[in-house]
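Quick one: the structure is below, questions incoming.
Chain naming follows the written order as A, B, C and D, and within any one chain the residues start at number 1.
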Amino acid sequence: MERDMFASLSPLDHRYWEANQDLFTELSSYLSENAYTKYQLKVEAALVRALAERGVCPSQVAEEVEGACAAVQPNDVYAEERITRHNIRALVNQIRERVSDEAKPFVHLTATSADIMDTARALQYKDVTDAVLLPLLKKLMQWLIQMATAHKHTPQIGRTHGQHAVPITFGFYLSEYVSRLGGRVAQLARARERLPGKLAGAVGAYNAGALFFPDPEVFESEVLAQLGLRPAPYSTQVVEPEYLLDFVHALVSTFGVLANFSDDIRHLQRSEIGEVGEAFEPGQVGSSTMPHKRNPWNFEHVKSMWKEFMPRITTVYLDQISEHQRDLTNSASSRFVPEIVVGLAACVNRLVKVCGRLSVDSENMARNFTVGAKRAVAEPLYIVLAAVGHPDAHEFVKQLTLQADATNQDLLSLLEDNPEMRLYWDKLSDTQKEVIADPTRYLGIAARKTEQVCQYWQAALADVWPGKS
Amino acid sequence: MERDMFASLSPLDHRYWEANQDLFTELSSYLSENAYTKYQLKVEAALVRALAERGVCPSQVAEEVEGACAAVQPNDVYAEERITRHNIRALVNQIRERVSDEAKPFVHLTATSADIMDTARALQYKDVTDAVLLPLLKKLMQWLIQMATAHKHTPQIGRTHGQHAVPITFGFYLSEYVSRLGGRVAQLARARERLPGKLAGAVGAYNAGALFFPDPEVFESEVLAQLGLRPAPYSTQVVEPEYLLDFVHALVSTFGVLANFSDDIRHLQRSEIGEVGEAFEPGQVGSSTMPHKRNPWNFEHVKSMWKEFMPRITTVYLDQISEHQRDLTNSASSRFVPEIVVGLAACVNRLVKVCGRLSVDSENMARNFTVGAKRAVAEPLYIVLAAVGHPDAHEFVKQLTLQADATNQDLLSLLEDNPEMRLYWDKLSDTQKEVIADPTRYLGIAARKTEQVCQYWQAALADVWPGKS
Amino acid sequence: MERDMFASLSPLDHRYWEANQDLFTELSSYLSENAYTKYQLKVEAALVRALAERGVCPSQVAEEVEGACAAVQPNDVYAEERITRHNIRALVNQIRERVSDEAKPFVHLTATSADIMDTARALQYKDVTDAVLLPLLKKLMQWLIQMATAHKHTPQIGRTHGQHAVPITFGFYLSEYVSRLGGRVAQLARARERLPGKLAGAVGAYNAGALFFPDPEVFESEVLAQLGLRPAPYSTQVVEPEYLLDFVHALVSTFGVLANFSDDIRHLQRSEIGEVGEAFEPGQVGSSTMPHKRNPWNFEHVKSMWKEFMPRITTVYLDQISEHQRDLTNSASSRFVPEIVVGLAACVNRLVKVCGRLSVDSENMARNFTVGAKRAVAEPLYIVLAAVGHPDAHEFVKQLTLQADATNQDLLSLLEDNPEMRLYWDKLSDTQKEVIADPTRYLGIAARKTEQVCQYWQAALADVWPGKS
Amino acid sequence: MERDMFASLSPLDHRYWEANQDLFTELSSYLSENAYTKYQLKVEAALVRALAERGVCPSQVAEEVEGACAAVQPNDVYAEERITRHNIRALVNQIRERVSDEAKPFVHLTATSADIMDTARALQYKDVTDAVLLPLLKKLMQWLIQMATAHKHTPQIGRTHGQHAVPITFGFYLSEYVSRLGGRVAQLARARERLPGKLAGAVGAYNAGALFFPDPEVFESEVLAQLGLRPAPYSTQVVEPEYLLDFVHALVSTFGVLANFSDDIRHLQRSEIGEVGEAFEPGQVGSSTMPHKRNPWNFEHVKSMWKEFMPRITTVYLDQISEHQRDLTNSASSRFVPEIVVGLAACVNRLVKVCGRLSVDSENMARNFTVGAKRAVAEPLYIVLAAVGHPDAHEFVKQLTLQADATNQDLLSLLEDNPEMRLYWDKLSDTQKEVIADPTRYLGIAARKTEQVCQYWQAALADVWPGKS
């Protein structure tokens, strides 16, 4: 059924589809109702193929059913469902209608609806993760690695509590996200890998399968092997909910890393900070009434999408509970899980685009560094004084900084005339003196750590996506 | 843009649209992107009309703009937005393109984007509540009232902890939902009534408006009065988030009442209980593999939808936080709020339909009552014994019930021979003796309470929806 | 049982108790287990008093029971509960032990445990709201009102998206929180007012009460009237969960307003912004290693506490669901609800203290204003140009601002030489010209709005807390 | 400071402590403020030891500091914090006070507060997991394994949608929880293993450490190795939040499995089902007013605790966001995380106790089985008919079951006279005929699967807890 896109009810199907047409068309091929039906038909076909291999039905029956599965359209299934009020029975009826009477009995034989649906879902999530999510995340990782490497020596004032702390480099800052996003990608890859299929029947005890095979578990493995899946070690009517939950946890915690990154970047774009900027395109408008505005709206958008999708994992925690061999109260709710994949993919895509044109305002970064570094010298000063024996170095330096603030002087200039200071100055090593005189030397191992992290994840990316880099 | 419905990404736009075509088409006319644009255009038109009434522009300019607003289509706006990257500027440009040069400057004059958007949202939520949500809820309330009244005298065993407790009536049970749902409807009506509009400019201080009027707040009221809205008492760039939050709280807590009702009913349908049943339609299938199954799937569906939508209020709690005069991190997230309305409306609609064909199995209800009531007599027995002076009635009766359980006898039959009992029996009033002998007399004021609650809400319904019953 | 405070498991009972000793001692007198027991005993006493007034027992029985209720200690109840495994039966046994055999039967007569517990909870929440929460919130409101009024004319650059927008005043900014916090206080007062008591027996049908009175509902009102409560219009074994839910919604949404305020203030304290500051106390340390640090940790603390307590409302939404006449799955969870009150009270208290010593850095505020206002002139310029007939004022001004950015010039200085500008300049009114020349005149009605909001809520405070101001 | 336990504000510190005294005393030794301080002192001591090993200070300094660390008490630290307003500075001052002037400078040298706190937290969570959580979970697993094995052949009617489905065994049902709980235990063990320590200084770049060592990362490893921890691959001021998040995810999803199990068991205890029961203790009371009640309150309690603790993971997802090198908004919130461990441990402990006295009512289980199995024969009947060539077996059997319901007859008895049936009967194998005649033979591989699952996890338990079984 065709419908005006803007008549849709979900912003994923109107506004954000419009803004991400290529991506959403691709996501639709894995996650829409069309796709779900297609995957279910794939499972039904695999089942009959396996029955034929076991000799339960002739191999031409399998071929017939495979042909029928290729022909059935979602519209047909929905039309049938209006009668059966049961989605998989409708699907089965539509396959049966397209095969000979001889083949009819073997369609869906030994299976329960959830066998088909849970297995199809596992396939969808695996495929969309491999084909869309991981490649997008890889692009973002590569931008981060490249940018971090390029700026591994660019001094930036570190900030804790929104206050200038001690120096870092901009590359070191970015490598935080190389590391955290890398960790989540690994978690996601692991969770997708573990998603199992299932063909254990109506209550998980292989009751129906055991009518035909002494080893219905082996038969289950045969069906699933055709689809590239492993069976769940135990099922009720449905697969244990924790596999999906771990997958969604990986999605949502990846989203959290993006939200943190976006918050950071939009704060770095504050009028008073201005260390980075998002390039404006010709024709673009910042505000309908304030023609001078340039807003970090893409990063705000990612934060906002995270606020929409993060709480949805609560639904999946609730779906852990299903009475006895299964109640249906996870049925509707689990149909919304694909939206979390969509929301995340859209945001990674957005970040890949907007980061590609992110500019660093070196002047502002240097200016803020200079302001902050003047006071930041307090830390190394306290530490080296302590190391050379000042019994109360922290308090001594704290008092100096209060004095500097009160008199609006540099901490360094106060040092020169300080009699207590003179007692210790000569005990400092040359390097220590230099660090105190020049805060750009108080960068710790920022550059080296940046390299390490980037190199580690550059290599790991290849592992996570073998054959895909 | 036309698109295959089954290519959509949200189940609201495929599966649940398909299952609720009339309802969702109607909801779409209030909540889709088409509708949002239409409402925004309505606000822009009202603004220029008010400018004309103030003499800022000629009245034919207002007419011109009104005409243009009627002509602009969402597709035009989206095409323009691809250039401006700003949705309201795109809308404004499209209106401006359709009016004379003389009229152009007055389009959107004094307004900021959020003035248009927040006001449009308030209108959408009010209209959909009045036109769709409240009438649906009223239907459900009426079914509840009617059913409760019909069964006000039908004995049912009360259940606490899933264990038989003391008697109630089925009507009394249903009146719980008359009362709770009624309370939520009143809350919803109040929250919808309080949703304000806003025309206070880019930071809420009426900076732009004050360039034209000494009383921009009065002007704001004039614009909003045309739309049937009141202004917010204070705004930043956006309306205070608590109005929307209270509205969503009303939606979500209404949903919670439906979820509880659905849980109750599906437990009453358990194979072992069987007090109610959902009529099966010809052709309907309960399970793809178990031909004998009749599942309470509609009630499971409602519970499942609640699991999907309840957690989403967390997003709205998160959206309370917006830095300074506003950050944009509530922009994408607030676009998903209409889905909560859709989810709730779909479930009320589902319940209206399925309750209409709910059957009560009087035989099973009576059987369960009899089993439970036998032991339930323990409560009145303990109480009247206490009242006539037994110093330890609770313990005495508890021991009797343990004895009854151990010997598999009726509590009542044990009483007859109990020497301690005989000490007190004569002190009981006739009514008290009758209640102990016949548990159907131990119903408290179940029937009277049912009437009270139903009458109260029957009358209140007229109030909540004046002119709509 | 005495225990080392620092052996406690909840930070409310160690760290935050230590930091708020007076407040937490007071909160404990309403919300601890001691307090809960005390309130339950109050309800049991009121019940027997009402029984005596109805002539069910002699009035000296009521006196006896009242005396016993005053004597029972939580430790006694807990010791008894180790035997009964039932908290209210333990309480009842302990009262019974302290009265004559004649009085024993009348203790708890007609009541079920939930009658006592739900009624006690309503009393606790009402009392703590009136005695602690509302007075604290009033103090914070008064600080806000006073500060907003004092700064109603102090120019501040408005900020949207973290970017300089158009001018406001600092008082206008603060009045946002006067208004939002005021709105929540009103909501909280309303929700606390509506918390009902209950004495409707084991399944809500007054089964036990009806053994004694033809009008058990009236009897319920009599008991509750002694406690200052109204009965719930309908109950199962427990009060409808929505009353408590609305109360918690009021608490949590109040918390959200505080979190937003705290975020705002800590961003205003950023090193680069520095418009406000929290006075440092002698001896205070900002960082264990960076002696120069002054962190906005109190405001960070409030945000952090909101992150802890906001999600807990999900528990209360979950507790809407209780099967049939009640399951016990809300029992443990509802015992944690008082913690939300504690968390909120602690944060209001913290803000009252820290706001009292908040300093405004007028110099920085003025400096940021000047920087931002230079570009902010774009808005009034576009608007007045549009009003005098420029057909494309927004685009014209946007191009000017891009030019200003590119050439690092003031927007105003660019205007002078602009030929297009000269076409319109003479059409502007003197006031309009002045606004463009001097952004401190582009404040809209910031000061007037500040006064309005403050006056409204100053007056409303008296209403919300009659006799308490 | 000693305080009456019942004056506490958290139910963990009064009611649930009272109910779990041994357990909570043990948990307190890992998770209280006393414990946190003790762990922090442990980290400070390890730091100075490592400094001495590197030759930065003499080894007797390390000994002095170790001695001081053993002597400092939480009360001292809190008293000091009242002056410093900084917890770790207070700790450091208290250590310094107890050592010679020579040793003073080396206390906390190169460290920032978060180095100490994050590392201490990792140790706490590891230790409590190993010493308390995993052993408790193991006990529960062992009960499940034992019970499942014992009942691997006990027929039970499978239930989907609360409706009788097809047969399983009670042991097969229990092995669901062996498998799911086992999976979570493995996840928990993995997440605890990955919790890292940190000694990377104020912004993560080892600024301070690099003043002393060319290889501050190696030094970090040396400190942490003494504590049995590995360093985080990257840190800002704090450890990447995802490690803790994964740990809490493991906790909360384990809790979800327990909640599902508890729901199952309490439904199996419903008056109408009665397949299992919780043994009542002498003196125990089920209801304060209904002396006959036996409630599944322990299982309700676990569900209720899950409702309290599950939503708290939202806080940890929120804590993923920390601006730049760290803001403090995760500080208060992270102090509540230990409560989740406590809540979970309390529930596992409760289940271990109550499961130990869970009785199976074989009579009721058999009765329900018989009722359900009569109709359950529909599934194998449909399947074997299909397999022998019935073209529309599902519909045929569905009609038969409708007829059986309508006429109140057994499905089997209807078969005998059915002419269509006779066409196929002879084609069935003997085994197939037997299954249809006797539903206790339609158990699939329930028993074998039970064995497999139990054997797998019995072996795996040894792996997860080497040396602890």
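Note that in this section a contact is a pair of C-beta atoms (placed from the backbone, for glycine too) under 8 Å apart; a residue touches a chain by one contact, two chains touch by 3 or more.
Since we're looking at a predicted model, the values are computed, not measured.
Considering the contact criterion stated above, the chains in touch with chain C and with chain D alike are A, B.
For the pairs A-D and B-D, the larger set of C-beta contacts lies at A-D. Mean C-alpha positions place chain A and chain D at a centre distance of 25 Å.
Rounded to a whole number, the gap between the C-alpha centres of chain A and chain B is 33 angstrom. Chain centres here are Cα means. That of chain B falls 34 Å from that of chain D.
The residues of chain C that reach two or more other chains are 89, 159-162, 165-166, 201-202, 208, 266-267, 285, 287-290, 295, 297, 300, 311, 314, 327-328, 379, 383, 394, listed in rising order. Taken in their complex, chain C has these residues touching chain B: 56, 89, 101-102, 104-106, 109-110, 158-162, 165-169, 172-173, 175-176, 178-180, 183-184, 187, 201-212, 216-217, 233-234, 236-237, 240-242, 245-246, 249, 252-253, 256-257, 259-260, 263-264, 267, 310-311, 313-314, 317, 320-328, 379-380, 383-394, 431-432, 435, 442-446, 449, 453, 456.
Of all residues in chain B, those touching chain D in their complex are 157, 159-166, 266-267, 269-273, 285, 287-297, 300, 314, 368, 371-372, 375-376, 378-379, 382-383, 394-395, 397-398, 400-401, 411.
Contact residues on chain D toward chain C in their complex (touch as defined above): 1-18, 24, 27-28, 31-34, 37, 74-75, 78, 83-86, 88-89, 92, 108, 111-113, 116, 201-202, 208, 266, 281, 283-290, 295, 297, 300-301, 303-305, 307-308, 311-312, 314-315, 318-319, 327-333, 335-336, 338-339, 342.
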